[in-house]
Amino acid sequence: MDRRQFLKTTGFTLASAGIGVGPWNQALAQEGPIKVGLLAPLTGVVASGGREMVEGTQFFFDSIGNQVAGRKIELIIEDDASNPDTSLQKARRLVEQNNVHWLIGNLLANTGLAVANYVKGTGTPYFIPIIAADDLTQRQRIKNVVRVAGYSASAFTHPLGDWALKQGYKKIATVSQDYTFGHEQCGGLAQVFTEGGGEIVQQFWHPLNTADFSPYLGQLANMKVDAIFAMETGADATRFIQQYASFGLKGRIPLLGAMNATDQSVIRTLGAECEGIVSPAHFAEGSDNPITKKFVEDYTAKYQKIPSLYGFSMYSGAMWVTEAMKAMGGKIDNREAFIDTVLKTDLTGSPLGKTVKLDQYGNPIYDVYIRKTVKRPDGKYWNVPVETYSNVSQFWKYDPATYLKQPPYSRNFQGIKKG
Amino acid sequence: MTQTTRTLAIGLITVIVAALLPFGLSNYQVGLATEVLIFGILAMSIDILAGFAGRTSLGHGAIFGVSTYVVIYMVSNGVSPVLALGLGILAATLVAAVFALLAVRTSGVYFLLLTLALGMIVWGICLRWTQVTGGENGLRGDIRPQILYDHRSFYWAVLAATAVLAFGIWRFVRSPFGLTLRGIRDSESRMRSLGYNVPLHLFIGFTVSGFFAGVAGGIYAFFNNFVSPSTVALTQSVEGLLMTIVGGVGTLFGSFVGAAAIIALENIVSSHTERWQTVLGITFILIMILAPEGLVGKVRILLGRVRSSKPQALPNPKP
Amino acid sequence: MNTFQILNGLTFSALLFVVASGFTLIFGLLRIVNLAHGALYLIGGYIGYTVGIKSGSFILGGICAMAGVAFIGFILDQGLLRFVRGHELRQVLLTLGFAFVLNDMALVIWGGDSFTVPIPEALRGAVNFFGIFYPKYRLFVLVVGILLFILLWLLLQKTRLGALIRAGVDDAEMVEASGVNIRLVFLITFLLGSALAGLGGLMGGAFLSLYPSADAEILVFSLAIVIIGGRGSLLGVAVGSLLVGILNTFGQVMFPELAYFVIFGPMAVLLAFRPLGLFGKAT
C-alpha cells in the first residue's frame, strides 16, 4: 500500500469515525467471508442461459459446502440484462459497494468486454468461463482476466472446418448473429475450411433478437450448398431451428451449428426439428465418459433438466478458481499471487473427465468433440460425440506468433483464403 | 426577498450541501451522486421543452448518447478531452437541430411519437455502424483525465459544471425567449396571431435543449468510460423523462429531485429484489394518477396554499 | 424479388395487421396511445401457449388468450385510465408504466426462456405453393389477416356499433351529446382492441416465438404502422401493415445494415410533412 493510499485510508477511517457514517472503502479483509460477484443475464435474449449459469455456479459451491479453507463463500448474484451498460453498472456495484474479492460470469461477449474494460482499471480478478471474445486471451490480454474453463470463440470451429472437409463438403453458407462472437465462430470455420479447399458461398449476418429468419431461409433454400453453418444463441437459436424445419430445409441441407445453438438451454424445448444438427464443443452431455455421465445425472436430479453448456462451464470455472483458492489456503487478497496461482492450476476434477490445462495466454486447451443431436429413449434430445479432436489450442495448428499477426475475426476479416 | 433572490439563495445552499456530501458517502455512493448530477442535467434539458414549450420528447436519450459516443471515440483516437467534449456537444446539438426541423410542426402525442421514432433511428445507426460505433460492443475507453480519476475529485468537477449549467438553463427560461416559449405552451394560436414565428421559436428551443442534453452526455462519457447502444436507446429517453416528471415538469430543479429519487430507488430496489421494473412501472402509474405535477411541483402547490396571502403565479400546467 | 420473399413480407404484414388494428381502434376512438399494447400481445401469446400446451387445442388457446387479455385491458381502462381521462400525455405515460409492470410480471410467471405456441397438426409442414415450399402456418396467418380485415370492415360499415365508433373517431363529443352511452362504446372498443393484441400474440407466438422483449418489438412496429396509416382508419392500418411488413422483410434481405432505418426513416419524414399519416383524420 503506498503512501497516498495509506493517507487516504487513515484519513477517511478517522473522518468516518468522526462523522460516524460512511463505509469508506477499506482494504479487503483476510478474514471473513470470501465474496464472489456473479454476473449473469437473468433477463434479455439469453436469459435461459443466464439462469443456468447461476445454477451451475451454485451447484458447485453447494457441493463443497459453500466454504474453502475455513472461510465462508458468499455468492452475490447480479443480473446483467444481456446488456453491456447494465453489466458495467452491476460490476461497479459489486466491486465498489459489495467489495467482492473476485468477479465471475457474464454471457454475451459485449457484456464481458465492458466489465473487462472496467476491471482493467480496478485490478479486480475477473473469470470468464463463458465469454468467448477471442482477443481477451490474445491481442488484448488483460492480466487480471482469466478464461478458466472457458473457450475462445474460434477454438471449436477450427476443428469443425476440418471435419466438414473430411465429410466431403465443398460449399458452405453461414448464417450468424452479427456480433463479435458470431464473427469469430464463423471466421474460425471459414479460415480452416477455405484453406482446405472449401468455399464459403455466402455469409448472412443478422442482429441479435431476429424474430423472423424467413428472408435468410428463403435465399438459403435456393443456394447450392453442401451444408449450412448457423451461429445462433438463445432465443435466436430456438427460432432459427424451428423455422429451418418449417421451411422444409431440414433433411434437405445438412445443418452445422455453433455449440450454443444445440445447447440444452435451446433444444430442451424443441422436438424433432433439432435432430441431427452437428456442432463442436468441449462438452457433450451425451458423452459416455463416466465422470460426465455422473455429473449429468446429478445435475438432472437436482434441477430436473439436463445440464447445458452454461451450467457446465460455470461449474467447472468455479471449481477451477476454488482449486486455486484452496492452494492458497483461502488467503487470496494478494491479487497478483491469486491470478498467478489460477494460471498455474490444472483442472483435474471437472465433469469432462480429463485434466485441462491453461495455455500461456490464459486459455484452456481441450479435446473438442464433434457432436450430433440425437433422441434419447425418454424422448429428450441431447448431444452425443461422433468424433474427437485432441488437445486443440485456441490457435488450432497455427503458430501463435503468426496467428496473432493476422487481424481478429470480424465481419470484414473471416480468414477466407483467396483463390 | 424577491422570488429570484430566494431561488438563488436556495440554489447556493444546495450547491454547498452537495459539495459536502462526499465526506459522508462511500466511493460507490459518490459515484451515484455524480450520476444524479449528470442525469439531472439531462432531465432539465427535457424540462426546457416539456415544461416551458409544452412539448414532451422521447428522443433526448438519443441526443445525450450521441455526445457520449463522439467524446469516447475522439479521445480514444488521440483528441484532447476538452476538444472532444466540445465536439460531442456540437454533435448532439446538430442532431437536436435535425430532430427539431422535423418535429416543430407537431405537438402532443404526435411530437412524442416522432421524437421516439427519431431516437430509434439514432439507436439503429449506433447499433449497425460497427466501424465507428463498435456496434453491439460499444466503445470502451479509458478517457478520464488523471487528475479526475478519483471518485470525489470527479464529483466536485461535475458539481461545478452542473451548477453553471443549471444556472444557464434557469436564466434561459426566464429570458424573453423563454417567456415566448411559455406563451407558445399556453396558446399557440394566440402567439401566432400576435405575429410570433412559432416554428422558429420551437426550433431554437429544441436545439438549445439538445445542447444541454449533449453537455450531460459528454460528461457521462468521462464518468462511464464506456458507451453502447443502450445509452441512446429508448429506455434512456424514458428514464430521463421519468426523472423530469417525478421531479415536476416545469420546475427545472425538480429534475435533480427526480434524478435522485429514481437512481436511489433503483439502487435500493435492485439490492433487494429483481423486480425493479415493476417498481418503476408502478411509480410511473402512481405519479400520473396522484402527482402528475411531480414531487417539487406538489410541494410548490402545497406551499402556495400555505402562503396564500401572497399573490401566486399559476402553477405550471401538467403534461 | 422472388415469390418467397413476397410471401414472407405478406405473412408478416398479416400478423402486424392483427396487432395494429387493435392498436388503432383504441387510438382512433379513445385517442389513447396504448403503449402497453405490446405487453398485451406478449401476455396473450403466453396465455395461449400455456392453454395450448395443457389442453392440446390451439383454438382454446386462442379464446383464452383473447379473453385473458381483454380482461387485462378492462383493468387498465376501468381501473387506471379512468383517473386520467382527458389528459392525453398522462394516459400515454400511464400505459407505459403499466407496460413495464406487465412485462415484469410475465417474466416472473413464464421466465426468460423463449416459447413457441404449438401449431395444430393440420397446419404443420409446408405446401407446394407456386413452385416453392412454403410453411402452411404462415399462409394460415395470411388468411386470418385478410379475414380479419373483412370482418372489421363489416363491423365498422354495417353495424350500429361500427357506426358509433366511426362517428366517435370523428367527433366523440357530438356522439355523446346525442344521447349515446359513449362510455360503453369506448369500453367495448378497448376490450376489442386488447383482444386483438392477444390474438396477435397467439398467432405470432407460433412462428416468431415469445420472449421478454417481444412486446417492445411489436409495439414499435404498431406505432410505425399507425403513424404511417393514420389515426382511426382501417384502410390506413391495412396499408400501413403492408408497407411496414414488406419494407422490413426486404430491408432485412437487401440492406441488413440499415435495420430499423428502413421503416423509421420514411415514417419520420411522413410524420414531419403529413402529420396525420396517409389516411388519418384530425383530432
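Just so it is clear, A, B and C label the chains in written order, and each chain counts residues from 1 on its own.
FYI, contacts are C-beta pairs under 8 Å (C-beta built on N, C-alpha and C of every residue); 3 or more make two chains touch, one makes a residue touch a chain.
All figures in this text were calculated on a predicted structure; none of them were measured in a lab.
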Give the chain pair, either A-B or B-C, that is connected by more C-beta contacts. B-C
Quick check for the class: compute each chain's Cα centroid; which one is farthest from the centroid of subunit B? A
Just how far, in Å, is the C-alpha centre of subunit B from the one of subunit A? 38
Distance between the CA centroids of subunit B and subunit C (whole Å) is 33
On subunit A, where are the residues touching two or more other chains? 42-43, 178, 207
Junction residues of subunit C - those touching two or more other chains: 107, 259
Multi-chain contact residues (two or more partners), subunit B: 127-128
The subunit C residues in contact with subunit B across the complex are 31, 33, 80, 83-84, 87-90, 92-94, 96-105, 107-108, 216, 220, 223-224, 227, 257-261, 264-265, 267-269, 271-272, 275
Tell me, which parts of subunit B touch subunit A in their complex? 23-29, 31, 127-128, 130, 135-138, 140-142, 224-226, 228, 230-231, 267, 274
The answer for subunit A against subunit C in the complex is residues 42-45, 47-48, 50-51, 178, 204-207, 209-212, 214-216, 218-219, 221-222, 234-235, 238-239, 242-243, 246-248, 265, 269
Listed in rising order, the residues of subunit C that touch subunit A in the complex are 2, 4-5, 8, 11-12, 107, 111-116, 124-126, 132-135, 137-138, 207-209, 211-214, 217, 249-250, 252-253, 256, 259
Residue numbers on subunit A that touch subunit B, as the complex places them: 15-16, 19, 21-25, 42-43, 79, 83-86, 88, 92-93, 96-97, 108-110, 113-114, 117-118, 120-121, 178-180, 207-208, 411
